[in-house]
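Each of the next two complexes has chain A plus one more chain, namely chain B in the first and chain C in the second.
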Partner chain A sequence: MHAYSLDRPERLRAHLAAQRRLYEVRPDCQGGQHWQTVSSQDRHAFEPSSELPPFSAKSFFFGERELLFRFDGGQFYSALPQVVPQVLFGLHACDLQAVAYQDQFFAQDAHYQARRQATLLVGLDCLHSCNGGFCSVLGSGPAVQAQTADLILLPPAEAGADWGLLAASAAGQQALHGLDLASAHADWPAQRQANEARVRAEQGSQEDIIEGIARLNLQAIDDSTWEALGLRCLGCSGCTSVCPTCSCFAPLDRAEGQGGALRERVWDSCLYQGFQQEASGHNPSATAGQRVQRFWTHKFGEDFRQRFDSYGCVGCGRCDRVCPGSIGVHGVMHKVVQP
Partner chain B sequence: MRVVPSICSFCGVGCGIGLRVEDGRVIGVEPQPGHPVSQGQLCAKGWASSFAIDAHGRLTQPLIKEHGQFRPASWDEALERVAEGLRNAQDERGPGGVGVISCARASNEDNYAAQKFARAVLGSNNIDHCARICHSPSVAGLSRTLGSGAMSNSIADIDQAELILVVGADVTENHAMIGARMLRAQARGATLIVIDPRRTRLARLADIHLQLRLGSNIALLNALLKIILERGWENTAFLAERCEDIAPLRAHLAELSLAQCSEQCGIAVAELERVAYLFSQVKTAFTAYGMGITQFQSGTNNVIALSNLVLLCGQIGRPGTGINPLRGQNNVQGACDMGCLPNVYPGYQAVADPAVRARFSTAWGRAVPEAPGLTSLGMMHAAQQGELRALLIMGEDPLQTDPDQNQVARAFAALDLLVVVELSLTATARQADVLLPAAAFAEKDGTFTNCERRVQRIRQAIAPPGLARGDWQILGELARRMDYAGMAWRDAEAVFDEMAALTPIFSAMNYPALDAHHGLQWPCDSAHPQGSPILHQQGFPIGRARLLPLSQVEVAELPDAEYPFAFTTQRLHFHYGCGSMTRKSPLLERETPAGLLFIHPEDAAELGLAQHQGVRVRSRRGVLETRIEYHDDLPRGTLSMPYHFSEAPCNRLTNDAQDPISKMPELKACAVALEALAPGQAPDIHMGTSEVSHARL
Partner chain C sequence: MIDSTPRRLHLLEQYEDGEDSRHFSLRIEQPAASDLAAKAGQFFMLTLPGVGEAPFTYVSLPDAQGCFTALVRRAGRLTQALFDQPAGSVLGYRGPFGHGWPLFFNAQPLLVVAGGCGLAPLAGVIEQASRQAMPARLSVIYGARHSGAQVLGRERARWQQTLPFIETFDQAAPGQRQGTPLLHLDEVFAAGPPAALLCCGPEPLMRASAEACLQRGLRADRIWLSLERRMHCADGLCGHCYLGSSYVCQDGPTYRYDRYLQLLGRSSPISQAPPALFC
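Up next is the complex of A and B:
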């Protein structure tokens, strides 16, 4: 992994945007932040917020609504997306960890892979914890792990100083071709460690999360606790929509023309009562409590951790923010530990 | 991917959303972080918005019915047909022969255009909308007691309340972001009290749930008033400074027996005392209510009874307090504010006031009508009598959502011309002679007003499908064909500016100011340029507030030997109104219960009904077949149905007995009989529909 010194991240951004469609998180006029395209001519300073955008990079690869195939009455036509080479600029460690998780889940999915293969990922180390984040206790941040990104931006601890830039993959190294970069100062690993220590301290001990994971895996949480949580679940699908690792989808079929049809897939949510209902009417997760339990088992269950080599939760805290029932990750883990 | 900031089009909460646009279509939505109402969250309906406005299944061109079949037509031909039909009706019956039913889902601009079209072009005050069947009793009741029918406080006041009282509202399901806020308030220490005949989610989570007998609100509220006065728990300072003499109320309550009130509402005296004590003694109590107060023939009196309680304890006019009707539709507040009511112009300026009429006549360049107009139910009756000949309906589905479906069908059948402006082919749209395709909220600019009087911007994110157009544009073009040039606005902002210039409570509002503040709450004028989050802080619009003596009014139709079950209606978290939008989501549609008649499991057991067994439900007005679903939210002896599903339209059963003041029909209570279908026999969804399906063939 080669380390460079970078005077201005905007220079790297302009370089990458010249060859690819580049996306960066920018504020809107109403207090939100969104992934938006930025041209190579864009002069705006790269000033990443320490707060995460409401949406991770998930929808870039796992389409929120996408056409899978078209049927004209006789033949099926594939509808693989045509994706121009693109770059996501400034992804935080947690969101990159989630992409790595979904890369495994969708390894055989042509639609996902068509989008994913066309994408260069530029990570960004966090200097400070976001509000509600707990990546440091799950091992998913705050430093970007090399295997999850193509390039990694290391912001300077003091404004105005040079940035660091790590080439974390062959594609990342190749993307730097033609950009004049000096080698990094020797102290960049120490700076990363200092960042990690700072964020870890800001995030605190997160005892509820640690104890909650242990109790969940010991199956030490009784049904009544899950049902009490289930009563607060409105089934809104907010948590699964913003969760960067949630991967469930449902088909949406529509008639088109004479005897033809379109099949889309749309994001689904396992918190819906109908998600697992069978044609007979039988439902393995009939109660709201059972559905809440299943969701969190997918996020923190040891079986899943072993299969994917990481938890299904990356510690971003987005579910805490969108849950109207106050049973996002911290809400649930608190009640699980102190029912 | 672009994200266009807008406002959710489901319910009156008015949550901030971002429309996620890709390749010219909305593929999803996201909550707006930091929005003052929704605080970065949404309910299931909001998250599913993209399906609701999908181009698939939308009307894309004008349709004209010939020999019972729709055929495509150009805008020219369709609008010419409409103009001619309206002229004929006017010629035959005068301005009273035509009417407009506007839409609580359309924008303020659309609604302003609708009432202007009715008054300036058709010369008729026959303009109404579905507020008639949700909160007309709030407007009528609170006008009498306070002088203003809107929420007195803001949603954010929940954060400051020590006690939250919810009466007849299923808040976590129907106004989910308000329900969520109430639960957060409870978690930080507020006391949550729910008064509801159903054991709703919020009732289960509440500190106290009073499960009153269906339709006994006044008895329960009178009991609380009586206890408070007898114990001297009333707010004497507030009553002395802000209210008219309460001697008549005191005298009336003294005559009542607490034991009898308790018996009428089915709540023990000790429980009533506990609630009376808490509500009167906390510093700040936020009161919210819904259809469980208003949809009765005693609707206006129910509102007044609740207003009495709030006033007696001085729980109004301060942060964290207030009397707060939770409005159903995304812009029902706005449709009322815009004057889509037969008796008021925009901003509640009375039609009866000659100075107001003179002002609008001058501004619009047309003599405006003096004769009071008809309500929507009045228009239905007038149509059946042959007095109303032509009706224009914008985006409402009265055939499914109004009481006594067969009566609505007969009204439609009697018309010479029914024009429907719609997104998709609803039950009402099928009955139209001319069907005009409308643009959905993501396809136009404009404003919605939420239940806390906050006017918020919606922004065009995508083009309308096919030839669809915004309602105000359709009406403007129709006006031009009827020789009125005063509705040829350049854009939505021009409509808003015209409205604001004529409406004192909106006088300081304009699009840039709305953009800058996440909307503004009326009244917003030179004295309140930042809007008014809390009303009645210094005085009431009528000066001193009034507490009025009331007696319990029984529901019009109680269970008897022939119709032994009490019957009520409700909504589900996953669906909205007639379902025309939410049912397009494959995910929400999948949540629809297999049985749509909710019954207490013990009642079902007594009748030997298996889960999801088919049943025939009969009232004095109609019959339908559906399946049962066990539900212990309900007390024994009471059945309930959601009204979202055209397969089982519960409003074929409901009673149109009306509140004499507001004309609100008694949708929340009637009596039905239940008959089991043979085990395994599927319900016949066409059972009882003959009148409806033949209405306009």
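Up next is the complex of A and C:
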């Protein structure tokens, strides 16, 4: 992994935007933040927020609505997405870990892989914890893990100083071609460690999360606790939409004129009452408590951790922010530990 | 890579087979080697273009021409629309999916318990046993709400010639056996305790049958169930068919009972009385 010194991240951004369609998180005028395209001519300073954008990179690869095939009345035609080379600029470690998790889950999914393989990922180390994040206890951050990104931006400790840039993959190294960069100062690993220690201290020990995971896997949480949590679930799908590792979907079939038809798939949510409803009327997860339990078992269950070699939760804290019933990750884990 | 685009499937014919179900003859256009290797207990995904897609089990497995049969119960939008399709319609097919039944035909007696439409996934096993040299080694107890709710009429007529085949009814007519299959287990066990149970039907019936067999000395690792779960992708991705950490479309639909209990997160069998045994 080669380390470079970068006078201005905007120079790298313009270089990459000249090769590919580049997306960066930008503030809107209403206090929100969104992924937006940025051209190679763009003059805005790269000023990443220490707060995560409301939406992760999930929908870039796992489309919220995706055409699967068309039928013309006689034949079926598969529909793969039209992709253009793209780059996501400034992804935080947790969101990159989530992409790595989804890469495994969707390893055989042609639609996901078509989009993913056309994408260069530029990560960004965090100097401070976001509000409510706990990546440091799950091992998903705050330093970007080399195997999850192509390039890694290391912000300077003081304003005005040079940035660091790590080439973490062959594709990342190749994308730098033509950009004249000096090697980084030798102290960059120490700086990364200092950043990590600072974020870890800001996030604290997160006892509820650690104890909650243990209790969940010991099956030490009784049904009444889950049902009490379920009472607060409105089935709104907020958590499953913002969660960077949620991946459930449903098909949507539609007839088109002349005997034609198509199938799309759309994001679904395991917290919807009818998610497992069978045609016979039987519903194996009929209560909201069972569905809430399912969601958290999927994030923290040991069987899933073994399968993916990491938890399904990356500690981004988005569900805490979005849940109207206060049963995001900290809400649930607190109740589970102190019922 | 997974291709979720269906292949062409031709509807050859359909006939009434039970009061709310029909028996379909279907043909896969250009069957692949994997179609011809399908096993009893596996399933396929049937698409009715513009309407939807749903899982169904093979009653008879695809032959060299890709022809097979399936039993479909009217349950909702897709199945109703399927009943309305004329012969010659072009449908969509994906499959085969999941794991079939373990097939061990030896000198040991085997018990099949089926409820309602749950007879369909077991048809391949019964058919094979009825052709073995010692067919009487496999016994069937088949429960239905009443005789109109029974399925696979032609097949049953054939099997009854070669196998011990007990039929039970929730609402029995004179001369019929009253009660659920559980009431008739002792009779089968008295004739020779089975070495294994294969069971398919509504989940409460399967649990109750498994427990009744456990109580009669059969080990949990000799009991197999075929589970129904809502399924949409059959590729282990859409998430709908979960059973604990397992996806029924990939790991099932047949599960050994001890594994099933483990996935439910229970160390001991569930012993609550089933509310209703039949769909």
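Going forward, the second predicted complex is superposed on the first by the 339 of 339 C-alpha atoms of A that agree within 3 Å, B and C clash if a C-alpha of one lies under 4 Å from a C-alpha of the other, contacts with A are read in each partner's own complex, and residues count from 1 in each chain.
Assume contacts are C-beta pairs under 8 Å (C-beta built on N, C-alpha and C of every residue); 3 or more make two chains touch, one makes a residue touch a chain.
All values derive from a computational prediction rather than experimental measurement.
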item: Clash or fit, chain B versus chain C on superposed chain A; value: fit
item: Partner chain(s) touched by A:207 [first = chain B, second = chain C, both, neither]; value: neither
item: Which superposed partner A:68 touches (first chain B, second chain C, both, neither); value: second
item: Cα-centre angle that chain B and chain C span when viewed from chain A, reported as a multiple of 10 degrees; value: 80
item: Contacts of A:323 with chain B and chain C, given as first, second, both or neither; value: first
item: Partner chain(s) touched by A:222 [first = chain B, second = chain C, both, neither]; value: neither
item: First (chain B), second (chain C), both or neither touched by A:30; value: first
item: Chain B versus chain C as contact partner of A:272, first or second or both or neither; value: first
item: Partner chain in contact with A:250 - chain B first, chain C second, else both or neither; value: both
item: Contacts of A:109 with chain B and chain C, given as first, second, both or neither; value: second
item: Overlay on chain A, chain C to chain B nearest C-alpha distance, Å; value: 11
item: Chain B/chain C common contact set on chain A; value: 250-251, 254, 268, 275, 277, 281
item: Residue ranges of chain C touching chain A (in the complex, touch as defined); value: 1-8, 47, 49-54, 75-76, 79, 90, 92, 202-203, 228-230, 232-233, 235, 237-245, 265, 279
item: Of all residues in chain B, those that touch chain A in their complex; value: 1-3, 5, 16, 18, 20, 27-28, 30-35, 40-44, 46-48, 50-51, 56, 172-173, 176-177, 179-180, 183-184, 187, 201, 204-205, 515, 518, 573-574, 586-587, 590-591, 594, 612
item: Of all residues in chain A, those that touch chain C in their complex; value: 68-69, 71, 73-78, 105-106, 108-110, 113, 219, 247-251, 253-256, 259-261, 263, 265, 268, 270, 275-282, 284, 294, 297, 301, 303-304, 307
item: In the complex with chain B, residue positions of chain A that touch it; value: 28-36, 54-55, 59, 63-65, 231-232, 234-238, 241-242, 250-252, 254, 266-269, 272-275, 277, 281, 321-326
